[in-house]
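Here come two complexes built around subunit A, the first alongside subunit B, the second alongside subunit C.
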Partner chain A sequence: MQLEFFDARIWRYLVSAISKVIEEGVFIVSPNEGMRFRAMDPSHVILLDMYFPKDSFETFDVGEEVRIGINFEDLAKVLRRAKKEDRLILESKDSTSFSITFKGKGERTFTLPVLDIVAEEIPEPQLEFKASIKIMSDIYRDTIKDVELIGDIVKFIASSEEFKIASSSEFGEAEIIYSRESGSIIDLEVEDVQEASYTLEYFTDLSGAARVADTITIRFSTDMPAEVIHEIPQGVVFKFLVAPRVE
Partner chain B sequence: MPERINFILLDASYEIAGREPVIVLWGLTESGERVVLLDRRFRPYFYGLIAKGFEDQSQRIAENVKRLSRGRSPIINVGILTRRYFGRPRKVVRVTTVIPESVREYREEVRKLEGIEDVLEADIRFAMRYLIDKNLYPFRLYEVLVEKNPSNQGFRVDSVYTIASDPVLVEEMSRAKLLPELRVLAFDIEVYSERGSPNPAKDPVIIITVKSSEGEEVFTAEEFDDKKPIREFIEYVRKYDPDIIVGYNSNHFDWPYLLQRAHYLGIRVDVTRRIGAEPTTSVYGHVSVPGRLNVDLYDYAEEIHEVKVKTLEEVAEYLGVMKKSERVLIEWWQIPEYWRDKKKRPTLIRYALDDVQATYGLAEKMLPFAIQLSTVTGVPLDQVGAMSVGFRLEWYLMRAAYEREELVPNRVERREESYKGAIVLSPLKGVHENIAVLDFSSMYPNIMIKYNVGPDTIVDDPTECGKYGGCHVAPEVGHRFRKEPPGFFKSVLEHLLNVRKTIRQQIKKFPPDSPEYRVLDERQKAVKVLANAAYGYMGWSGARWYCRRCAEAVTAWGRHLILSAIEYARKLGLKVVYGDTDSLFVEYDKAKVEKLIEYVEKELGFDIKIDKIYKRVFFTEAKKRYVGLLEDGRIDIVGFEAVRGDWSELAKEVQWQVAEIVLKTGDTGKAIEYVRKIVKQLKEGHIPIEKLVIWKTLSKSINEYEHEAPHVVAARRAIAAGLKVSSGDKIGYVIVKGTGKISQRAYPYFMVRDTSKIDVDYYVDKQIIPAALRILGYFGVTEKQLKAVSTGQRSIFDFFQRKSTK
Partner chain C sequence: MGGRRLPPQLCTRCKGYKKLCGLTICPILERFRTQVSITTSMRDLSLLDGATPPNIIVGEQGYPHVSLLYGIPPGIHGDQARKFNDPKEWHRRRISLNTILRLRSSIVSATIRVRVDEPEALYNKELSLAAVSEKPVESEASLERPPSMKLRFDGLLIPQGPNAKAREIRVSSNPSLPRQLEKLIWDYDVKASDAIWELYLTTNDVYIATNALSLGLLGQRKMRRIVPTRWAITAVDDIVAKRLLAKVKRYDTINEVEVYHASYLGNIFTIILAPGSFEAEMVEIWHPLTPWTQTAYEPIIYTIRETPTARITTMDGGYMATRLAIVEHLYRRKRQAKAIIVREITRDYYAPVGNWHIRETSRQALVETPTRFQNLVDALKYTSSLHRFKGLPRLLESLNLTHKILYERSLDEYLKR
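And now, the complex of A and B:
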């Protein structure tokens, strides 16, 4: 099996974000669909879903389905060595190891062991989201950084007019409002008013992934999970579903 | 007319009659008659040890001893004998007098005489002296030549006999002679006390419950007049005439309170088999009821380390006697309320009956072992439970010493001395699959036998070794023990191990559910307890046969042994995961493990066997701390908070469950789900207060505490409520909501009845999470993840489930 991807940095930031919440997981590469990774963190608060479609790769040489058990920390360390303009080649010859090659000014290859783990069977959650907000990824990242200053919990409040992100603690309060007029919102679709709270830490841990995304779509409903979808070039999608806090 | 009768010995005491001591043996004949056997022939004695160099003046010393004789209790004999003292022959004068109490005075005078090095065996109580010298053991069958007395002379038994010749043992130790049915009575009292500790001068005994083979009875006060129940109880005991009376904490509460209360009311607690004698508190803090064996089952409950809080209901639940969920539970401070309110009174009576039933049930579980302990050590049943294991072994040793004409050393006040203990390896951290635990069988007793260890065989001067066919030299510490002749401990231990072996052979003749099997099984356990106590005994500063160097040598040999086994295991290529004292955890490769066992047995000369096999076992880097999953699905948790005392029941439960889930499924996610569920239950107030109680012992008197630890604050509150609290008491408290320091929010558990007052955050952050994290932390789960779970954070699963149910 051999895959070649045009920008190693996309891998770098996605894997680095994943490694903050999950230790191990399985990449599934199937000849018809492309590469997918789904996993929950040990406390089952978030569900990660990363998808690289078949055509996002420049080379997609896959005979039969391949499963690669990954230690994310180790993989993230290697990917941190990715330079601007590096392409990435992921290769797997046998079931015990796989290699990462950075193709840029030279070719640098790292070989890592394949972990003997089984992919969790996770059902596809069927959720209805009554609020859907699409924003630019840099605005999303700034927002997370703002609320981080204050509390551990982030609260989303969405109406047909505006999207408000708030956090409070004994330390103080933060409130960030994006209205239709402000222009930061690309898209806003909300039924009534939706309001839900989430543990901020997951957003913080995963915010690195937004660096390589073009836009972010946040979907949620009152006291229901929120889905944060990262739209990444070449049709790559990284999303996570996070369970709410209900007091 | 002299006749021969058979009897089973129950207890022994003595009385003074006509300026002479009379030994009273309480017994039971095979046909079920309760009898008393009197022996007027026995006299108290002690030894004067003649100093070295004065042996040739023995005669003169004996004369000097005789001159001390006084009329009230004359010295009737002074014999010059040779006995062994720490294995070496020594000359002694044996001084015999008449009245046992006078031994104390003569002892001091003899000690001062010239040529006397020390006085020995002057502190052995007279009735025990008799049992030792006549080789009589409780619950064994003897034949004896007696003459029947015309009257019963104030003994409440079927017949009284006078002994004409020494009793002879009929049944051997290894035989499963079944006893005639003993009458066992359990009792329990409830006291009406408005505030705190009851005061016998004013607080009445409102309920006395009893249970025997004839069923249960309740004796209740007429409102606050308790003369009636006390009289009815006395009458019941006299009528039922029990051989054994059991209670729970009865030596420290029920008996003393009942006796004092009766005293205030002017009632004689005439429940003994000796007319005129009331129960009294005796040597080991036990209450002695002449003619009956009074057993406080609490003594045996204390030895069950698995039960943290040793209340009757907890112990009864643990032993499967009575489920807590199926009985009435009332806190002591609620008793007045339940008594005053006529509607609630029947519940209180039910509670008292449940207590006495539980006590009776405990007796059925515990007495078989207690009886065997008594018969093996030779200590009467009412004392053997109350004494520590060191004393139990010592009584056995004293009997062995008498048989071997060895003098019993005096107990000497000593400071505790420490010495290097057993080896404990640092475990290989992580989860290991398929691990065999190998145990050296009776390692320390076998070391003592093999190397002839004891205070009598230790050799200070190496040049003397030649005289004894050489010496065994302990590794590291270099202490020497002569090879020949066999020492005191060696011969005693060999005997014990042989007895155990014979019993275990006998056992095979009986089906496992037969009463004979049970008797022999309890007996072999009692023998094992004694043999295993020998090493620790030598290192106990209170021991008569104290020998620190011996204990030190034993542990040195033990370390050497286990290290040799480990070295060989490694040579075989067996991974050694952990080792502690006398057990090894190795990877279970059948052929290699068999080779290792063969090596230990053939080359090292010790028995070792596979104790258990863990399907999976997990170690942290800490010693003495692991969790193992056995093949049958059971879980062993060692050294974690789960088995320690200062956590709430809830924390303990969480830890067990988490360990079990992780080991069984290998899925930390499932364990986290479980923690989430518990947190939810706690928040919703569904966890009963009892599970939230934290027990901590007051290690000093309350006034000596400077800082305000939670249990100290709770203890102060308990005192303010009228409860008596002293050093050594276990304080049970819960933390309630509010502001300020946690310690200031600690209340005695009985003051908090509403779960909504509980500080949920404290229990989540300081109990549940740390307890779960101790295990989960080693599987990569972080505190953050667990905390997230605990704070209203939902799980993705909550939303999967919601959908799937539609």
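And now, the complex of A and C:
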């Protein structure tokens, strides 16, 4: 199996974000669909889902389905060496190891062992979201940084006019409002008023992934899970679903 | 002090360690130092002769030129010297704070200046080997002047007795080292963190590894440094706990809420373990009239939080010590859990004696049979009943981790199987 991707930095930021939440997991590369990774954290509060369609690769040489058991911390360390203009080649010749090659000014290849682990079967979530907000990814990252200063819980409140992100603790309060007029919202679709709270830490840990995303879509409903979708060039999608805090 | 009143909130966070008030010397520790004056049994005030238990401390002032305090109880030889620096045994026999202070004040330290990047010099004189000996080591020091009769305190270290500059320190019996350590001293390829881990596994504790790291006996040849003892204590607690945690985080979770309890030296500890993947929150309640809250009118609260991704809100030697005890416990039973730790410090803890008692009391609490509960709310109620602080029920309820355990849902509810 051999895959070639145009920008190694996209891999770098996605894998680095994943490594903060999950220690190991399985990349599944299928000849018809492309590459997919899905996993939940040990306490089943967050579900990560990363998808690289077949067409996003410049080379997609896959005979039959390949499963690669990954230690994310180790892979993130290697990917941290990706330079700006580097392409990435992912290769697997046998079931015991796989290699990462950065193709730029030279070719730098790292070989890592494949972990002997089984991908957890996770059903597709069947959720209806009553609020959907699409914003630019840099605005999303700034917002997470703002609320981080204050508390450990982030609260989303959405109406047809505005999207409000809030946090409070003994330390103080933070409130960030994006209205239709402010121009920072690309799309806002909300039924009535939706309001829910989440553990901020997951958003913080995964905010690095937003660096390589163009836009972010947040979908949620009152006291229900939230889904954060990162739209990345070449049709690549990274999303996570996080369980709410309900008092 | 000129009438300046230091806020006790700051002092409980600092414990004389971080110098948060901006003063170069902690006035609280300094006051203790002068309160406890002592007399020595030394007959010849220029010659210090006895066995070090061992008790060798590296200071941090003036880094990278630091002082080394070589502690010897004057005139005490052989095994008799051991009790002067034996935290585990003190804890096992529940030795009182008074007795500990008396023992510590009768140790005299011969001090020399050393450069942190010259550990070989200490090794060649066998001074660093004495520090990691399993048995007391006969020693002799000629002093430049008579020792100052003061007891020195520190938030993280065992109190230090009188000290005086030494012209020379001689080791006159053979230090007895764990075999694994002898091997590691000569191993110039192994990283210090790997060496610490190996030592922990063979000696079953952190104390020898801490001294070995502090005296620059571990690590790759060119990387070896003399490390101030209090840095070494927390570094070793952290390195060992991290390695254990990497394994613990793969284990199944416990399935009931368990409450463990113990107290010693005026410190009351309760450790609550709850089902879920590892994370922790520790709350300290400092009653008025403890070392750090002399000027407080009501208890001072201080919390430290460790998230599932191992971010710790503040580096705190006390938390690192209790965390090690908890991770050791989980590792032994091959389970993981969330931990809420309550440490209540009463006025009976009138002088700080170092963080070893936090590590040992937490360990002791965790070997006792826990009281079990079906839910966290009942466990918190029970915990409040074990403590003196009236505001504990509300405080426990307000903890971040409590809120998370009680209110965070699992995705399993929303994923149809």
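One rule holds in what follows: the second predicted complex is superposed on the first by the 247 of 247 C-alpha atoms of A that agree within 3 Å, B and C clash if a C-alpha of one lies under 4 Å from a C-alpha of the other, contacts with A are read in each partner's own complex, and residues count from 1 in each chain.
The rule we apply is simple: a contact is a pair of C-beta atoms (placed from the backbone, for glycine too) under 8 Å apart; a residue touches a chain by one contact, two chains touch by 3 or more.
Because the structure is a prediction, the values reported are computed rather than measured.
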Fit or clash between subunit C and subunit B when superposed on subunit A: clash
Contacts of A:L241 with subunit B and subunit C, given as first, second, both or neither: both
Touched partner set for A:E201, first subunit B, second subunit C, both or neither: both
First (subunit B), second (subunit C), both or neither touched by A:E227: neither
Partner chain(s) touched by A:D7 [first = subunit B, second = subunit C, both, neither]: neither
First, second, both or neither for A:D86, with subunit B first and subunit C second: neither
Superposition-derived comparison: subunit B or subunit C, residues of subunit A touched: C
First (subunit B), second (subunit C), both or neither touched by A:L47: both
Partner chain(s) touched by A:K20 [first = subunit B, second = subunit C, both, neither]: second
Single subunit C stretch clashing with subunit B - from 26-34, 134-142, 152-160 or 386-394: 386-394
Shared contact residues on subunit A - subunit B and subunit C: 23, 40-47, 123, 125-127, 199, 201, 224-225, 241, 243-247
Subunit C residues touching subunit A - in the complex, by the definition given at the top: 249-250, 253, 276-277, 307-309, 336, 398, 400, 403-404, 407-417
Touching residues on subunit A, where the partner in the complex is subunit B: 23, 40-47, 123, 125-127, 199, 201, 224-225, 241, 243-247
Residues of subunit B that touch subunit A when the two form their complex: 668-669, 672-673, 676, 780-781, 784-786, 788-789, 791-800, 803-804
List of subunit A residues in touch with subunit C within their complex: 20-21, 23, 40-47, 122-123, 125-127, 152-153, 170, 199, 201, 205, 224-225, 241-247
